[in-house]
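Which chain is which? They are A, B, C, D, E and F, in the order written, and residues in each are numbered from 1.
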Amino acid sequence: MIRKTFEHEIQQVKDEVLLLGSMVEHAIIDSVEVLKKRDIKGAEKIIADDAAINKKRFAIENQLMILIATQQPMAHDLRLLASTMEIISELERMGDYAKGIANINIRMGEEALLKPLIDIPRMAQIGADMLHRSLTAFVKEDVEAAKAIPIEDDEVDGLYNQIYRELMLLIIQDPKSIERANWLLWVAHNLERVADRVTNICERTIFIATGELNEIKSSSDEFWMKK
Amino acid sequence: MIRKTFEHEIQQVKDEVLLLGSMVEHAIIDSVEVLKKRDIKGAEKIIADDAAINKKRFAIENQLMILIATQQPMAHDLRLLASTMEIISELERMGDYAKGIANINIRMGEEALLKPLIDIPRMAQIGADMLHRSLTAFVKEDVEAAKAIPIEDDEVDGLYNQIYRELMLLIIQDPKSIERANWLLWVAHNLERVADRVTNICERTIFIATGELNEIKSSSDEFWMKK
Amino acid sequence: MKNTIMENKNFRPLDLKKKMRPGESVIQSLLFISGVLSIFITVAIVYELGKEALLFFNNPDVTLTKFFATTQWQPGIGLFGIWPLVTATLTTSAIAIFVSLPLGLAAALFLSEYATPKARSTLKPILEVLAGIPTVVYGYFALLFMTPLLQSIFGESVQVYNMASAGIVMGIMILPLIASMSEDALSAVPRSLREGAYAMGATKFETSIQVVLPASLSGVGAALIIGISRAIGETMIVAIASGSGPNFTFNPFKAAETMTGHIARISGGDLSYNSIDYTSLFAVALMLFLVTLVLNLISQVVVERFREKYE
Amino acid sequence: MQTNETPEYAIETKDLSIFYGAFKAVSDVNMLLEKQKITAIIGPSGCGKSTLLRAFNRMNDFVPNSHVTGEILMRGQNLYGSNIDPVEVRRSIGMVFQKPNPFPKSIYENIAWGARINGFKGNMDELVEQSLRGSALWEEVKDVLQKSAYELSGGQQQRLCIARTIAIQPSIILMDEPASALDPISTLRIEELMQELKKNYTIIIVTHNMQQAARVSDYTAMMMLDKEGSRSGTVIEFSETKRIFTNPKDKRTEDYVTGRFG
Amino acid sequence: MQTNETPEYAIETKDLSIFYGAFKAVSDVNMLLEKQKITAIIGPSGCGKSTLLRAFNRMNDFVPNSHVTGEILMRGQNLYGSNIDPVEVRRSIGMVFQKPNPFPKSIYENIAWGARINGFKGNMDELVEQSLRGSALWEEVKDVLQKSAYELSGGQQQRLCIARTIAIQPSIILMDEPASALDPISTLRIEELMQELKKNYTIIIVTHNMQQAARVSDYTAMMMLDKEGSRSGTVIEFSETKRIFTNPKDKRTEDYVTGRFG
Amino acid sequence: MNPTDNHYPTGESFRKSLNGRYRIASIWQAIFFSALLIALLSLAALLYNVVDGAFGYVAFEYKNDPTEFTAKPLDDLNKQELLEILQTNLSSGAYTKLDNEKTMEKRSKSVLYTLVLERLIQVDTKKTWSMTDSILRGNEIKAEVAKKYPEAKLEFRSWLTPVFLTTPMSSKAEFAGVRTAILGSLWMVGIAILFALPIGTGAAIYLQEYATKNFLNRIIQTNINNLAGVPSIVYGMLGLAIFVRALEPFTSGSMFGITDTNGRTILSAGLTMGILVLPLIIINGQEAIKAVPDSLRQAAYGIGATRWQTIWHHVLPNALPGILTGSILAVSRAIGETAPLIIVGASTFISLDPEGPFSKFTALPIQVYQWTTRAQTEFHAIAASAIIVLLILLLTLNAAAVIIRNRVQRKY
């Protein structure tokens, strides 16, 4: 292997991306978990952890910039490094969603949840799982997997629509609950966005492997257009 | 000037970014404009234009990648190119917000607006204006301006909070209006996010000019935490 | 295997202190002495020639006016005009250069610019063989080939001993020297220069004459000067073919003795060491030495310039 | 050339193979080189880049025993056709070499000489000035035109060689690693110059520096020994430079441009 | 070295100036070079990079009339001290040159010779093997150790030269543009090797290639003529490589690394 | 610039001018080639001229009829018979003298045969012809001889024979050989090279490896370059003044108890020749040392070699072929050099083999000079033969130099 150091550094970046990914994953799951428990301390911790996510993202970005500037990457290497730059920015934003959920948790203060959380943790679970697998696909440059994962987004969208309708019903039943319903709506919205971003990661993975950049499904199809 | 071609290409990229920026600006203003008029055709055009925004963004991204790989940028050049990559991704997302607003417009179908639009166009105006100036600051690498612009975000947040409260009130008054209120809430939310993203652009501008990357104000401070 | 290299355990402890190395200095001194010896040789030449020449000039009969202003040279009988020797030397050398310069340069151009590498690699050594033939052989050639040849062409006016045949053969002798040195100078012109010319649509001839030759001009100049110096210092050809007895003439078909030829003839016999004949030889030799010295110095300067250009 | 939308080609090779004696150094090259574009030839050492380049203006004629098969067409004429004069070919296809090789003459004469031997009839001073302007050297040398070209720096010498080449108004300029003997700054200058020249000339450049190829060229030809064990080089991929450097078709090209070859 | 947290320095220069006759080629260099790190020296042509490098192992002694003022300290000893033996200095500070320069001997002898004249007493076969392994050449040459070093490729020759240097176990290795005569692939190989070597040696490398400096080095010294008109080079910025290449302090460094100098 | 404002001839007119350029070019090419041809023809003429002289018809008469001494044809006699003939017919004084020079029994048959011819039968050459004449005008010559010298025999002979190589000098061309001259040349060259090679190589090393650019060294260098261009006859004068005269006690051997010679000895000649080739050896040595690339020295110094280690292990081994080639060229120069020997005083008539450095001597080129300047054509013939010997010797040396040079063609 001629470019051992370079390969090594690429591997290291990938590892860092995985690490960042798992931080984000945990943030997502945990944010819903502590919301379920209405655990304010836990929420505060998630917000604190998000700072770490941001920091890590900037660190990776920096590393990438140096690699691009010094290793004269071309072809596949170039696609990989440039795309990784995008991917970590997606990850950072997913972290923001988790932080957003934690913020809602805090904002809710003493108020109880409008309804027991069943679909929302499931959304979180699916989103985190998609994220996890999308990163595995990224590291392995597994085009098949990268093409398959975004399809699961439909399930998340379905859940979101279900929650949306449910909450709308609750509000109509009890207009006073509107704030509490809206809180949960935001949470669901955030989780829905997580899945959208996973789609972007998959797009990039396909680009890295093949050099073709096609939008699988527009991430800008906002939730209200789904289904 | 030794690297005339390179300088020229950088200038060209900057021009392209400005062009992209102005496309996004127009999309934002127009999306609210056609909403005000409940002009479905107009909304459809905005959605179509968003595809052009995406396309332009990818084109610029591609150009950047080639520049980074071939021009061996270092120091300031490297910061500029890497940051521009981020900036265009921000712009693309802002375009998505406009598209989102257009989508809401379409979704609203025959239903009339819940209330006459006054604050929302204002938000759009301010956001677009901030965007415009942030890009001017970027092109000129004007650190002072880049530091000043994000402060205006407070005004947008204020407007948003105001709209939020207003709409909550309307829902409580008439729970049936909840869907229409929510629509407007999403619109306001999207516009609020526009301003947040401008902040990111300003951060990057400062980084390009000084090499220091500091978050001016966390873009992840979701709207509900504002103020 | 444990790689001790990579662990970098020095096999000798780091010690930067000066070591005694007596062998080095002894050797250096010996080599220096070898180098300086050449100075002694020159000093010896100047001293010995000068000493005897001084004896010659100190002779009351010899005056500088006589030496430079009369045209008869017979030291034994008090005739001290150096000119007959000088004119003979000049005539033979001029003929030699006249023959060898155009031919040598043209041959060099052909070898370096036109000949295939294979042809060059056989032709050049042949030229060098020509250069390595002892001059006494050229003398034989001049006397027994060139003179009859000239006589058969120009008839009776050509004396048996004559400057023309010596000069021409001397030219033939110098030709390979000039050709070889010029060829070296021409080939030293980098290939890239030729390619540059060809790439602009120049023909081979235009390239050789207008680019390569000017670029190597100083090298060719040095060859010319060395050639002249060789001609002036050449002894055997003139000693054999040009005739004995100083003769103040520029007629190439006449016999005349050059400076070198004179020295060779006179010293060949049993000469008594303190005679005026003996010391006069040193005066002539000193002149010879000085003239060639100047020429060599000039050529060295020229060559030096030439070297700088491509380094 | 069937439709008037196809680009105009400056030069075309058809099954071009180049031999040194019995050794086939370059085999079966088929390329269409577009006018007023820069085409880069890249590839590992010894794959025949220089050989191919030098075939374009018949500089290989000077290598004994070398010959070509196939055709190099320029405006429909085969450059190796029996009725073609190599001197004329070289006049219309100029060449710039790896190491700057100005003639040991004055700056002015360096340019005037080529013009003169080629029968230039116009105003020589003007030609010299225009050529020097064209190679971005005029400002630096306009007051010292009579100085020896050897007193210029390496980068300036190379630009002088370019000026000398454009003075004879060729239609194509070949460059064999024109910047590899120069420092980074002079290299950038030459690259800039190529961008200028491209407006009027078709340029073919051999380079070892992949970044350079990517920076300056519109098209790139990737050469490589055609198979394991063989010693003949050939063009294994020829397409737009962007494509070659971002998403090459051939695995060997990819390995080469990413520095994983060998 | 006041606290045990300061890094260990392999070499330190104090007001080092280097002269060729009366001409001050390098002036007032003050650097602390860390152990087991790679320090790159970059700068425009003629700014004195090689001169500075060669001062470190007294190779400049061979240039007539050259002399230094100031000090170069290695473990507290001034390398130019009157009691210092330059031969010993060169033994403990090895050097690798721009063009590979193996001896015209066998591969084995190339390594053994230096060890032998330096009084190596151990197992020579082992030393040869270890040195070749250390320079990542063993696998390629282990069966042909008796072959002439000249039969190796340029890149292999350069690695042989590195093997020869580490065979005498210096503590510092100087490299003057060690890859500039090599093709891109061999260059990458040498860079890889440097990363390996750095685990055991302190390396100082001069390079023209900014990307290379950025890739391989931990610290970078930027040299430049110290002011307009002066012809003395000096170190104008010396800091972590990352910093030099992403956000240099000195405007001239910025101009140089971004290719806008000159 | 605008490439369309074209002031260049194009198409047909360009082709026309090109044809003109080609015409001039080919004329000049022919001229260049002729120059080379002339050089080669001169070489051919020279060789032909020499060979032409060394073979051909000879018309000679016997003063005494061979039948007076023996009944057998001369050619059939064996060594013993020849010895007897000499013993019986020569005066005893003459015989003893010959025997003292070299025991008669130890002489070869051909030498004895020559003695018989020279001393007893006494050949008298009437006329000689060149090879070309002999071949082309054989019949005319026969007729001429029959008419002019009815007594004479006509024989086509080669003047270059084994006997010519092995017999010493003689005042008669027919019996002269180059044995003493060859030995003299070898002795002299041996001394010259023994003197010049170590000093020359040492000086070359000093100048290339040690000398700094100071005044003294620049002087030495310039001086050596100049010495190389000093005419050889000047060296002869130097040798005459220094070795023959000033150092006479040493060069004549009187310091060592030898009394019968003056300073004009092999030693003087050898040393003179040594000084003459010294600059040649130094310059060649310098070139050879210079050709060793600097990178090699740097490599050695760079791993802690001392100066002498570097020179001894790397510079000298790599320069050795060049140094050897240089010395061979110096040897050929010394062998062919004539003028200094004339000055230093080579004797032209020596029939005794040189026995050591203090002997009087002659040398091949001296013989050539001597014989060429004699009026009788038979001496020209033996001069030609001596030249052939000389040339073969030189050619062999040159070939050796070429072989060495080619064997070690640049490795770097």
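In the analysis below, a contact is a pair of C-beta atoms (placed from the backbone, for glycine too) under 8 Å apart; a residue touches a chain by one contact, two chains touch by 3 or more.
Everything quoted here is computed from the prediction, not taken from an experiment.
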item: Pair sharing more residue contacts (C-beta pairs) when E-F is set against B-E; value: E-F
item: Farthest chain (mean CA position) relative to chain E; value: F
item: Farthest-lying chain, centroid of Cα atoms versus that of chain D; value: F
item: Where chain C and chain F are represented by their mean Cα positions, the distance between them in whole Å; value: 19
item: Distance from chain E to chain A - Cα centre to Cα centre, in angstrom; value: 48
item: Gap in Å, rounded to a whole number, between the CA centres of chain D and chain A; value: 51
item: For chain C, residues contacting two or more additional chains; value: 203, 206
item: Interface hub residues of chain B, defined as touching at least two other chains; value: 2-3, 65, 69, 72-74, 78-79
item: Set of chain F residues in contact with two or more other chains; value: 21, 306
item: In contact (per the touch rule at the top): chain pairs; value: A-B, A-D, A-E, B-D, B-E, C-D, C-E, C-F, D-E, D-F, E-F
item: Residues of chain A defined as touching chain D within the complex; value: 1-3, 6, 72-79, 211
item: Chain D residues within the chain C interface of the complex; value: 57, 59, 62, 64, 87-88, 90-91, 94-95, 97, 99, 101-105, 113-114, 117-118, 150, 161, 164-165, 168
item: Residues of chain D that touch chain B when the two form their complex; value: 185, 188-189, 191-192, 195, 211, 214-215, 242, 245-246
item: Touching residues (chain side chain A, partner chain E) in the complex; value: 2-5, 62, 65-66, 69-72
item: Interfacial residue positions of chain F with respect to chain C in the complex; value: 21-22, 24-25, 28-29, 31-36, 38-40, 42-43, 45-46, 49-50, 53, 198-203, 205-207, 210-211, 217, 219-220, 222-234, 236-238, 240-242, 245, 275, 278-279, 282, 306-308, 329, 332-333, 335-339, 342-343, 345, 365, 368-369, 372-373, 380, 383-384, 387, 390-391, 394-395, 398, 402
